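Labels for the chains are A, B, C, D and E, by order of writing; each one numbers its residues from 1.
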Amino acid sequence: QKGETVRIAFMDPLSGPFANVGQNQLKSWQFAAEKLSGRNPAGVKFEVVGFDNKGSPQESLNTLKAAIDQGFRYITQGNGSGAGLALLDAVSKYNERNPGKEVVYLNYAAVDPAMTNEKCDYWHFRLDADTSMKMEALTSFMKDQPSVKKVYVIGQNYSHGQQVAKYFKDAIKRKRPDVQIVGEDLHPIGQVKDFAPYVAKIKQSGADSVLTGNWGQDLTLLVKAMNDAGLKIPMYTYYAGVTGTPTALAGGGDSEVYVVAYGHANHTGELGQMGAEFHKKFNDDYYTYATYNGINLLGAAMARAKSTNPVAVARAMEGLTVKSFAGDVTMRAADHQLQQSMFITKWQKAKKGEYSVENTGYTFVPIKQMDPYVSSTPTSCQMKRPAG
Amino acid sequence: MEFFTISLLNGISYGLLLFMLSSGLTLIFSMMGVLNFAHASFYMLGAYFAYTVAQLVGFFPALVIAPLLVALIGALFEKYALRRVHKFGHVPELLITFGLSFIILEMVQLVWGTSSVDYRVPDVLDGPLFTIYGTQFPMYRAFMMLVALLMLVAIWLLLTRTRIGLVIQAALTHPETVEALGHNVPRVFMLVFGGGCALAALAGVIGGNAFVTEPGMAATVGSVIFVVVVVGGMGSLAGAFVASLLIGVIQTFAVGVDASLMGAFQSLGMAVTPESPGYTLWKLKISQIAPILPYVFLVLILIFRPKGLLGTREG
Amino acid sequence: MLQVANLHAFYGKSHVLHGVEFDVRAGEIVALLGRNGSGRSTTAKAIMGMVESTGSVHWKGQEIQGRKPYEIAHLGLGYVPENRDIFPKLTVHQNLMLGQKSAKQKGRWGFDDMYGMFPRLKERQHTEAGVLSGGEQQMLTLCRTLMGDPDLIIIDEPTEGLAPKIVELVGEYLKKLKSRGVSVLLIEQKLTIAMAISDRALVMGHGSIVFHGTPDTLWADAYIRKEWLEV
Amino acid sequence: MTGTTPALELKDVRKSFGRTEIIRGCNLQVAAGERVAVIGPNGAGKSTLFNLVSGRFAPTSGQVLLHGQRIDGKKPFEINRLGLSRSFQITNIFPKLSVFENLRCGVLWSLGYKYTFLRFLADLHDANERAEQLMERIRLHKKRDVLAGNLTYAEQRALEVGITIAGGASVILLDEPTAGMSREETRRFIDLIKEVTVGKTLLTVEHDMGVVFGLADKIAVVVYGEIIAFDTPERVRANQKVQEAYLGSVVAAQQEGGH
Amino acid sequence: MDLPAAVPSRVPARGGSRRDFYEFRPYNVGRWVVWGAFALLLLVAPLVFTTSLAHTMLSQMGIAIIVCLSYNMLLGQGGMLSFGHAVYSGMGAFLAIHTLNLVSKGAWAVPVSLIPLVGGAASALFAVAFGYVTTKKAATPFAMITLGIGELVWASALMFPEFFGGEGGISGNRVTGPKPLGITFGPQVQLYYLIAVYTFVCTAAMFAFTRTPLGRIINAVRDNPERVEFIGYDTQKVRYIVFILSAFFAGISGGLAALNFEIVTSEVVSAPRSGAYLLFTFLGGATFFFGPIIGGVLMVLAFVLLSEFTKAWLLYLGLVFLFMVMYAPGGIASLIMMNLRVASFGRLKEVWVSYLALAVTALVALVGAGAMIEMVYHLKLNSALGPKLHFLGIPLDAHGVNSWFGAGFVLLTGLGLFEASRRQFLRQWGDIQEFIEKEIKRRETL
């Protein structure tokens, strides 16, 4: 076991419109593997190889086959729940049909709650926090903001956007029944070129804050449009930190944007150093901290299982707790969802010593940290564990 | 009233923006009959060139230089690639622009990276122009509207004051005869294609910082600009202009309409519950489909008025 | 004025003209006769630089072989193609406009002359040329080329599809052109008209000139007529 | 009028494009089996008349009757199915299909094969035979597998007529079938037309008086959208109005005599 | 605008030399040989390529072949340029996976092997509805309506999770229902053979279609719709029926894809998917029946293999398209047919040497160009991992002058030699074509 090299197949878009995110995340995995390899209790080295799934669920299945043919037993994916769900399903079927050649799927960012609820699978482990967990954290923060009275919900009309809207409504009713939802808009994903009409609608509704699960262009254009119209109300978001978005946000001027995430841009300690080093090496930001947890978790599980065999490692990962950059994290056995601390961060000009995100002069500062239990949500998962 | 005014303003400015994006395509599509799928790519190139040029010499020089550079690329492409393919018909023409769009995309990613670049609105144009009912109207948006109108005037002059339009249209059916009458057809084609690309690039220079300059920007405007050209009527500049405004205004107002079929049924006394078949369809609000209304528009117009709003010919 | 020597022309690999030689002098009408497929149209196209060719074409003392069609047109050669290559989507008037080489050009003829010549065109001037009747299209092509104010005009079967009365008219106009100093190279099928107006006649067969002389000698030469014209 | 219904009848047919009236009340009765030449100055409306009869345009008013049945306003394919077929002044064939396929397409509907995709063409012996026969009759059998677009002009004209008669229509309209052909070819072609239209009603537009007088039983003269004369060749030629409007005295005399 | 190519009224005067007539028309013996070889190929392919990736790729090739052929019923045979063909293959896929799930639930008893037919029937139904409006028009209006409908369906696919399954799509399990002879379709090979059977049957059916009256009339409609109206056919109806038939086959392919991937997501109805069908059908060759077969195979190779080989795959793809459209607008099939024609006149062997020279020099040039492109990409994407990379097993140093110089040298030498052999080849080729023209003329006069 010691000195063994475990290869992980990374499958995410490396070409096409989401290549920027995929490239960054591949580098993050490779970087984390390089930094943390051999230092784990098992003494295993990790190597991450990129496969281009072009963001497509079907192509993901091809890359999965390719990876399996090349002897990979661990795969990781995160960019897009569509590909994620396809892989979860395919891995499950493959393992069932090919006993003895099992593959483990580490999901580092696909956040559809279904993956750890009704569609949960034994071979899937999620390192990110799912939409519902993030919403727990976010609403826990919002409920303490006295200024939040009238919220406008806007999102992309697809599963993620629909879920964000639904979980928000559930959670805020529980936590702050007095908060009014003054409007809700779901627009087709990636089709809106001009958000001004939406902003006009938000303004007319008298909202004092906006909640959105939008990402990419749908987020930046929304923020820009609000700025342009002089609508300065806080926005509560999920994905302001994804590659490219900070740059675009910075171009739009000052705005009050809050992000919920399991990390932030200004960590100190080992992760902080890694971030600085990553930046020096690639001139890019290291923000996919799930790679840090992922490598550590695998290492620990391999030590515990005394093997690198996926079957043993999967078993060992269940319920495993490791130290992370913000307290301990635990892989909940019931649904294979990592339980971890959550942060609310705020987008603002970086002060001296703060990390300038994407060299924009802006940063995400943590304004609230929440322990894992806060964001922990119940699961409906009925995990089918392999016999034996 | 307040919402109406603001929406109208938004609608018109969005319409003008659409026109700005599609004017070059109108020019090329209507005159040369080429479905230029790379149009949006030239738009993107314009934005990236402007980003780089603006860093070196400032925004306003970039406003001129970037379109010229792109025009040059477009003209070269016409001369060395498109022209050879012209005689094979329209599908090959279209496919070669398809191929070009891949190449431009990759080149852009190689040169400027896969992420968005920090291309900002120049300070002089940043900030609100006026405030109406407490909503600011950004100066840059007014600038965009102005440029769109200038584009309209420029193309209109080109089409009416010169015979380039006639030469091109004639050359579509009988290129050799037009040459024998003493017109340098290849040069005219090159100029028109280059000019169309320059217009796309100008839109990019202005759109790039108003929106986001990133490799995905071409794909996001890709098909909607075809809608404008077709709805307006192929071969009609005025049509494209009217179509842009119409689409802009309708789409903007549609965002404000939260009515749905479910509501309609309920007011007719029919109960629609989540269990009813097709519930998601019935509960879909008009505001939710606003951004895809242009496609609905496209299909309807082609069925009922295939010439387009102001067009004179089909196809 | 126009001297053609040893002209060969090709469509891709097929060799169509085999050393054509003739000349057209100033203010002369020359008829180019021959059977279908003998290469008359190709000769016209070769002079205009519209097909691949070798040999020599001298025009007003300049070698124009190998030049581009639009350059040749600017030197004062006009060409009326067969097939009525009108521009179907443009109006009659616009078709005529394209005949001019530039908007400012002032020539011996203007729109009014054309409309005077064929009043029918004036009536239809704002109609799309594509819907004109066959004969109207034929008139339009002729006028379009005249608008370019050429010194020599090559006309490929101008009377095809014209009513007999109009055919006569065209003949008269060609004579009028001549009287204004324009030379004409007339490619014709209808011997009657060609013989009536031309100063000289050429007969073409299998891609080369097999006869040249005056119309009268051609009338007299029964062998040529039988062998190469089949009349 | 005799007791038999005319093969083709026009009753006060009018057609305007925009504001201009092109056809101004045409009346015509063509008996079955008659050969009619339609002549008239350029732009008089001959082709337009054909377009109205064949369904390319609908008349603005008036009636068109084919064997006594109203066909005005019907679609071209409906009229064709009723037994009227036409050729075009400007060659209108299927350039990327072979000569044989062009002709076979022409016969398919009339043999009742309609839109079927459940039978092989190769097994349709009647259609194939008809197409082969036609090909021989229009003398294109040596070019059987040549793409129609690659034929010479005269051959394309022949094919145009071939497609027109392929469906076995009883009323045939030919629009300047010999345009662009040499005198020699024209003569051969006219013989061909005579041969293939035996027993059919034929209307043909022609400017070549030699052809007109050689081919037609009757001549209809269209001037400015009206039929000013419809009579036997001799009487039409003698008609003063026709001479003025159309023939022009000199040419009439010359063409009559041939060359 | 007339699509796909302007219809020349007389002899095609533009190009110069005449395009000659060649049709894919196997003689009876030849026909058996060709189809037998095709069947054999389908049969032995998975025995030759045995990795699991190869098996899924072969399966996908079968699927792609069917869908590209069905697309070509519109484009190549009917002159209908569709930007929304994925709507039909995709709808077939969705209906098929829903059917599969009903079967799994026991609600329906359709054998898994027949589910693709359900997909086909469903697509045909959609085509009955959508096609009614699209086929009212031809040429550009047709193209634009299909674009509009395609965008609408794609956008709706994400908005209606009940039917389309949202982002995750709908997944199913093909191991269900009765298992005749122990065939479960679990192992990829079993599914491959199912796909192979469908591929063979559908190809044969679509080929047969080209030999039927409707198949011929749609060609006529493509060439000259106006004239078709005057020989008794309603062009709109012709297009409509063909559109439905094409959708039927597209639906079958969608159904097979549903079985193959066991998941159907909204991407199957997407615009890029429709675009890919168009591109690859054209690349294969739309003017010949078998062109799209090549196109389908290439589509899978490009998307699955090429993208694994190199990050620059989109660039390569774009360049290939550019050059193919410029130099071989008839697609690969036309290149093959041109050579077959030369062969049938017994002159192919003369050009072998030239081909070899062309191939070798082109390869050299490509290696040079490829090395440079790869170095550029490496510098851009992976420079932090050090300047070293491997290209075709050759170690390169993206910072090293040697590598650049070497690659440039290879490229230039290759290009120079290629140009030389190209000139030589063109001369030879011209001679042969001239010979063939003459020969054809001679035979005509016999």
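Methods note: a contact is a pair of C-beta atoms (placed from the backbone, for glycine too) under 8 Å apart; a residue touches a chain by one contact, two chains touch by 3 or more.
Values in this document were obtained by computation on a predicted structure and should not be read as measured data.
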Longest centre-to-centre distance from chain C, chain (CA-based): A
Which of C-E and D-E has more C-beta contact pairs: D-E
Centroid spacing, where centroids are CA-atom means, of chain B and chain D in whole angstrom: 48
Centre-to-centre distance between chain E and chain B (centres being mean Cα positions), rounded to whole Å: 30
Gap in Å, rounded to a whole number, between the CA centres of chain C and chain B: 45
Averaged-CA centre spacing for the pair chain D and chain A, given as whole angstrom: 75
Residues of chain E whose C-beta touches two or more other chains: 9-10, 15, 18, 155, 159, 161, 314
Residues of chain A touching at least two other chains: 23, 157, 186, 188, 191
Per-residue multi-chain contacts in chain C, two or more chains: none
Contacting chain pairs - touch in the sense defined above: A-B, A-E, B-C, B-E, C-D, C-E, D-E
Complex contact set, residues of chain E against chain D: 7-12, 18-21, 23, 208-209, 211-217, 219-220, 222-224, 226-234, 237-238, 241, 245, 444-445
Residue numbers on chain E that touch chain A, as the complex places them: 51-53, 56-57, 60, 155, 158-159, 161, 166-169, 171, 173, 175, 186-187, 257, 261-263, 265-268, 303-304, 307-308, 311, 313-314, 381, 384-385
Residues of chain B defined as touching chain A within the complex: 2-3, 6-7, 10-11, 13-14, 17-18, 109, 113-121, 126, 128, 131, 134-136, 138, 140-141, 209-212, 214-216, 219-221, 224, 251-253, 255-256, 287-292
Chain E to chain C touching residues, read off their complex: 9-10, 15-18, 430, 433-434, 437
Touching residues on chain B, where the partner in the complex is chain C: 162-163, 166-167, 169-170, 172-174, 176-185, 313
